[in-house]
Amino acid sequence: MRIGTLKLSYAADEALFDTKVQWICLALLGLSLILFPFVAGPYWIYMACLVAINVASATGLNILTGYTGLVSLGQAAFMGVGAYTVAVLETRVGTPFIINLLAAGGMTAAVGVVFGIPSLRVKGLYLAIATIAASMILHFVFSHWDLTGGTRGLSMPPASLFGLALDQPHKLYWLIIPVTALMVLGAANLFRTRIGRAFIAIRDRDISAEVLGIPLLQTKLTSFALSSFYAGVAGGMWAYFFRVVTPESFPLINSIFYLAAIIVGGMGTILGGILGATFMTLVPEVLKLVVGWLTPWVPDALSLLAPIRTIVFGALIVGFLIFEPQGLAEIWQRIRRFFHLWPFRT
Amino acid sequence: MDAEILLNINNVEVVYNRTIQVLRGLSLRVPKGEIVALLGSNGAGKSTTLKAVSNLLELEDGAVTAGQIEFDGTDLATLTPHGLVRRGLFHVMEGRRIFEDLTVEENLTAATFSLSGRGLPITPFDLVYSYFPRLYERRKGLAGYLSGGEQQMLAIGRALISKPKLILLDEPSLGLSPKLVEEIFTIIARINREQGVSMLLVEQNAAVAFSVASYGYIMEMGKVVIDGPVERLVKDQDVQEFYLGLGGGGAHKSYRDVKHYKRRKRWLS
Amino acid sequence: MSDGLKRSSRETASPILKVDALSLSFGGLRALSGVSFEVREGSITALIGPNGAGKTSMFNAISGFYRPNTGRIIFDGEDISRERPPSRAKRGLARTFQNIALFRGMTVLDNIKLGRHAHLKTNVLDALFYRGRAHREEMELRAEVEERIIDFLEIQHIRHASVGALPYGLQKRVELARALAMRPRILMLDEPVAGMNREETEDMARFILDVKEEWGITILMVEHDMGMVMDISDHVVVLNFGQVIAQGRPAEVQNDPAVISAYLGSGDLAERIRKTEAA
Amino acid sequence: MAGLALGAVEARAQAQDEIVLGGSIPLTGVFAFAGVGIHAGIQDYLKLVNDEGGIKGRKIRYVAEDTGYKVDASVAAFNKITSQNKVTLYYGDSTGFAKTINPELERKGTMIMAGASFASELNDPKKFPLQFLPGPDYTEMFGILMRYIAKEKPGASVAFVYSDTEFGRDPIAPSEKLATELGLKVAEKIVTPPGSVDVSTEVLKLRRARPDYTIFHGYVLAPIPEFIQQAKQMGMQSRFMGTFWSMDNSMVQQMGEAADGFMGVMPYRYYYDKEGTSPMLDKIRQMRPEYQSTAYMQGFLTAMLMTEAVKRTLDAGKELTGTNMKASLNTIKDFDTGGIVGVPVSIPGNSLPVGRIYRFDAKQKQMLPASDWIQLGK
Amino acid sequence: MDWLYIFEVSLAGLGAGALYALTGVAFVLIYKATRVVNLAIGEILMLGGYVFFGLVAGAGLSVWAAIPLTILAGAGLGAVVERALIRPMLGESPISVFMVTIGLGSILAGLVELGWGADPLRLPEFIPNTPIFLGEAYVAPKVAYGALVAALLIAGALAALRFSRGGVALRATARDQGAAYSMGIDVGRVFSLSWMAACATAAGAGVIVGAIGGISPTMGIFGLSVLVVVIVGGLDSVAGALVGGLLIGLVEALAGSFLGGEYKLLATFSLLILILMIRPYGIFGTHEIERL
């Protein structure tokens, strides 16, 4: 049964986390994120960082696709812009990583706006295809420009904080997790204000949005810029994490991955981006483990891994779209509702 | 209404999007060989009634939630939209809905699918052309380039192809000049008489509808409010008032006089 | 207020909206030809006519979706024919849609808040951090929406509900609420009571009257419910085949032969069909 | 979830004296054919070593991850494997990977690395102090081919056909220079996108250049056979040549008609090569009765050279650091590979500059030697 | 300027373009009837190549028996996909359906890799390989015969759409589903048949494409070029697919030979962006007016 839901001020009613229980959960989550690196093994810290980077990027794509309804298949390429920006700044200029990350976001936002311009003329599928074109063109630039190191790409030194090199996942963890948390919080805030509402309005019915005084192009480009900013920062973190940036690091399939992540997680909910990115990042790892267990019995089990991963990836997209179009976030809500009523109704 | 009943709509309710109720217990009948007019203001549910009959509601996220519709003795709920057409129930939809990028002839060809599975031969389109000679002249042209009146003719012509028992006609006069309306309704009457086809005619133009129909229903808010043979309806003074609200009379309560109620409540969820 | 008084005030008030010889066609099909009429400040003006007469096209032209081929739209003395919908909205032109254009993915509250979009100033950076201006603006907006609009339209109980799940009548009311949040000078209602039963229609009629009288907002509406139109409008414009065939006070329009024939069809025509038939 | 945690624990409970050979192996993707062979070769050699008690009693454990032949996946695998194991030896799968991981390798300083790449740039002990190539680099391969050409037909014109990848572009610039030195003419350079299917336009370009020899580089199989076939149909007389990765017997056989006369450079002996004594080849044939690819030989030899470096380091009583192992590796002189390479080998710098020209014989369906073993720099 | 060379390159480009066009027609067929943008078309084409390979190399059938079987298998796949994946998505947003096809593509690519491995394979030779010369210009025989077959099939598809009763049903359904139902057209069957026809065509195209360049699990990338083709031509226009296919083939060939192979994709996708900006609905596509 839900308790403590009576609210007496507008501020309380507009808060992101509005019940005591939610605050407790949030505190627990925060605490466990802080304690995590002290108890988990290196592999888990490694995975946590990877998940966080993907959460940041998926949240960005969710702003654009889930909330604004503009489908993009360019998120990975945009991450590439951010990663290269960080790599170039780190190797050639040597600016501190916070500046580099912000620059990565800014640069990517600018690129995103340029490739968002077709949204002036086209939407829906056509836009999705335009973003495919954008990622092809970006890939070409990455692999043929001297500044980006051509097909070889760039490798870069680790980020450093007060002279300490953040060269291991358990050190980078303290950079990646807070940045991602901030970004997710920012996205959640966004949808409490006019900007976020305008995005949703455009998604739901762009014509009536116009009647309400929402300029379509400007708002769509804002969404593109924001989403790309997120991709850029995520790409920057990616660069610090892998310290190698190559054109092949950001293929089209990764863009599909992020789109799949928000579909599986739940389009247009902040929680969806988090759950989806986490789930989709962990599934291949779980598969790897399963295949590892099979190795003694199935010859060449390892070589089956890639095709199985590809199949499962496709099947997850198809399965969620057909059977659970609202995604994991909806499943989560269902569980929550169940416990709100529990034990009075089961 | 002693003739054999071809279409029997019984207490039907229709809801769109699971929220908006449009039909609220509508009943009507179409006897064999006759034209029945269904009149009513906009939003009364006339088009919805026709779509419910031809099973096309689903395409617009609508559903029959109660009641029963029988055509020629069969419960319609068991039939697919195209299966229904192939049993001789043809719906000429509002706005004509011709295939604009097909030629006139191809539009008629499309309608021949209504003959599938009925053991009826696909005959040349002579019958259609005999009613609408203008279509013959333009048979090779794209239907999209036809004038509004010609498009309406084509829409009715497609119905003729299907050798129907019952045609549902949705606002054939819509957007047409009086002269064209006259022409088309004259032909509608001829088709009814010569081919023995029954028709359920939805119209806003009551006078024109009454000129060809034998029986009329007037609906408002999703149900029938008045019905009767046309001769009687025409003479009925209430008819105009009731469904157009023109010339307020009787115990009419003005909307201006509705009372205000105000409540105040301060908690937020 | 007596009838006489009201009439004189209506005639002295200046037109807030003027449609001047407007023509509009789509690929050769004429939707409007040379339509002119005026909406006086503080009035309720109704636009009526049979299906396909061009009423919704007229609305779309006024709100800026369609660009007229010829003619002008003058709002508050300025020609706005070339403006995009958002800038028209900023000037105080609000509208609702025939088939309800609410944002189904949002709550009632957020839908209403959207009405104020153009008047708020929060930028992206404020929004991400939700501090300072963003927070202040949101709280002020919330207070206004709650205390003026939600109370007025009596939709407190559904403020957190998702719009998609609401019954039709309430959705219509929420759409009205959203339009009011725009602080409009003129409110265009496209079939505000279509599909409503008598009771819901009564509620809506009262809201419309209150909006005019208490909020001082001019109203232009398209409506088919003649009962309501005739009861609450100050001025009625009748369209048929994209042309104005009559306009005036409800009582005048009601008895205009052209209007009766447009709605009922001409008796002559029916007569002729019958004759050909008999022959 | 419990299983996942178990995996992590397992990784930390690694035996202290074990030596770990990590690998970013392309078991899937466009390079899978090679990866599978390499994987088996490494495993087989380590099995031989471990069966004999390991190196000074220390077993060698092989930890590999599939990369799909993608640089970022290779890097991810590297990060993952090295963060969970104390890795001493590493096998990398591509030129891109070898180049990009180098700074990290130097920073760590705990391992030496070799791999599937024979990139020329890697053959520089100053820039890549902890890596080596278990064969000649690509430029050296081109060199061996062009020396052969210069001898057979002085002043001949040559065309380079290569893929638009790090792998493909690697030897082109230095080889152009070398061609001039050798008095050969580079008639045309054709870049194709990797994995391209329809090469009709490229063939037209090739025909216009009318080269006496065409060297393909940066491919595994496609689109070489299509190239050759169309070129032959057009009546071109060019001789077609390839570098290591397109020289495997089964690959060449797949070229069908186009295979006849296809030539290339190969640093190892083929599985079926019975010439002379070759104890290691015998062991391989014993373990695996069916044909093993040249990629297998590459993996096998890499593991052999790596363990040799470890052995020599331990023998010298030194710690297993990258620098120490690399120094031990460079002490390898006239080393007998048990017949994997036809002559005793030395690793003076980063590569093993030896190779031989083979030509495909359509009747025997085998690659047959067309030259003697050529040792560069000797 | 070497005109002969340009001519030869253009011919080669047009030959490749004919295959783009053929696959594009398959794409358009599905889009026209069901409004589904089928991004899995490249993978279906790939599967066609593999099925053919399996029948010939695996089951030992003769080439001429394998081709019709492959096409049949394509039709079967189309029927299954339509019924199992597309029908349940009726009424969902086009983007969701589009993503379903992406998922399908991934599944098919995985299955092929699982079955036949990741290595590229070569199809058995069955196209005559006597060189063809148009005047002095050489055309690769495989490309020439492939283009010829593609041309015949496209002509057949155009004729069927234009003149057959089924073609009328398909075009009617494409124009207005509701109205098609009211004509007695079994819209579900039209959907199903169009998927079958399209997948059969794609599978057939896969055999030709595979015969020219070999088959591999990454062959689905062909679908991306086809996507460009149909966007340029107009998603719902068969004629557009034809013109778009030839145009893209030509652009790729010219870009490839005068700029270098790495510029092929760049050229086509830049063209795509350009077309989207100036003619968003393609050269021949229908511009749909949005209703309020």
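Note that the chains are named A, B, C, D and E in the order they appear, and that numbering of residues resets to 1 at the start of each chain.
Just so it is clear, a contact is a pair of C-beta atoms (placed from the backbone, for glycine too) under 8 Å apart; a residue touches a chain by one contact, two chains touch by 3 or more.
In UniProt terms, the chains line up like this: B, C = Branched-chain amino acid transport system ATP-binding protein.
A quick note: this is a predicted structure, and the numbers were derived from the prediction, not measured.
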item: Those chains which touch chain B and also touch chain A; value: C, E
item: Minimal step count in the chain contact network, chain A to chain C; value: 1
item: Per Cα centroids, the chain farthest from chain B; value: D
item: Far-end chain from chain C, centres as C-alpha averages; value: D
item: CA centroid of chain B to CA centroid of chain E, Å; value: 43
item: Rounded Å distance, chain C centre to chain D centre (Cα mean); value: 76
item: Centre-to-centre distance between chain D and chain A (centres being mean Cα positions), rounded to whole Å; value: 38
item: Shared-contact residues (touching 2 or more other chains) in chain C; value: 65, 97, 146
item: Chain D, residues touching no fewer than two other chains; value: 28-29, 32, 164
item: Overlap residues in chain A, where contacts from two or more other chains coincide; value: 10, 13, 143, 207, 303, 306-307
item: Of chain A, residues touching chain E in the complex; value: 71, 117-118, 121-122, 124-126, 128-130, 132-134, 136-137, 140, 143-144, 207, 252, 256, 259-260, 263, 303-304, 306-318, 321-322, 325
item: Partner chain A, residues of chain E touching it in the complex; value: 37, 85, 88-89, 92, 94-96, 98-100, 102-114, 117-118, 217, 224, 227-228, 231, 262, 265-266, 269-270, 272-273, 276-277, 280-281, 290, 292
item: Touching residues (chain side chain D, partner chain A) in the complex; value: 3-5, 7-9, 11-12, 27-29, 32, 36, 39, 64, 66, 68, 70-72, 75-76, 79-80, 83-84, 95-96, 99-104, 107, 164-166, 169
item: Parts of chain D lying in touch with chain E, wherever the complex brings them together; value: 28-30, 32-33, 164, 190-193, 195-205, 207-208, 220-223, 225-226, 229-230, 233-235, 254-257
item: Contacting residues of chain B [partner chain C, same complex]; value: 19-22, 41-43, 148, 171, 173-175, 177-178, 181-182, 185-186, 189-190, 193, 204-212, 221, 240, 244-248, 252, 254-256, 258-265, 268-269
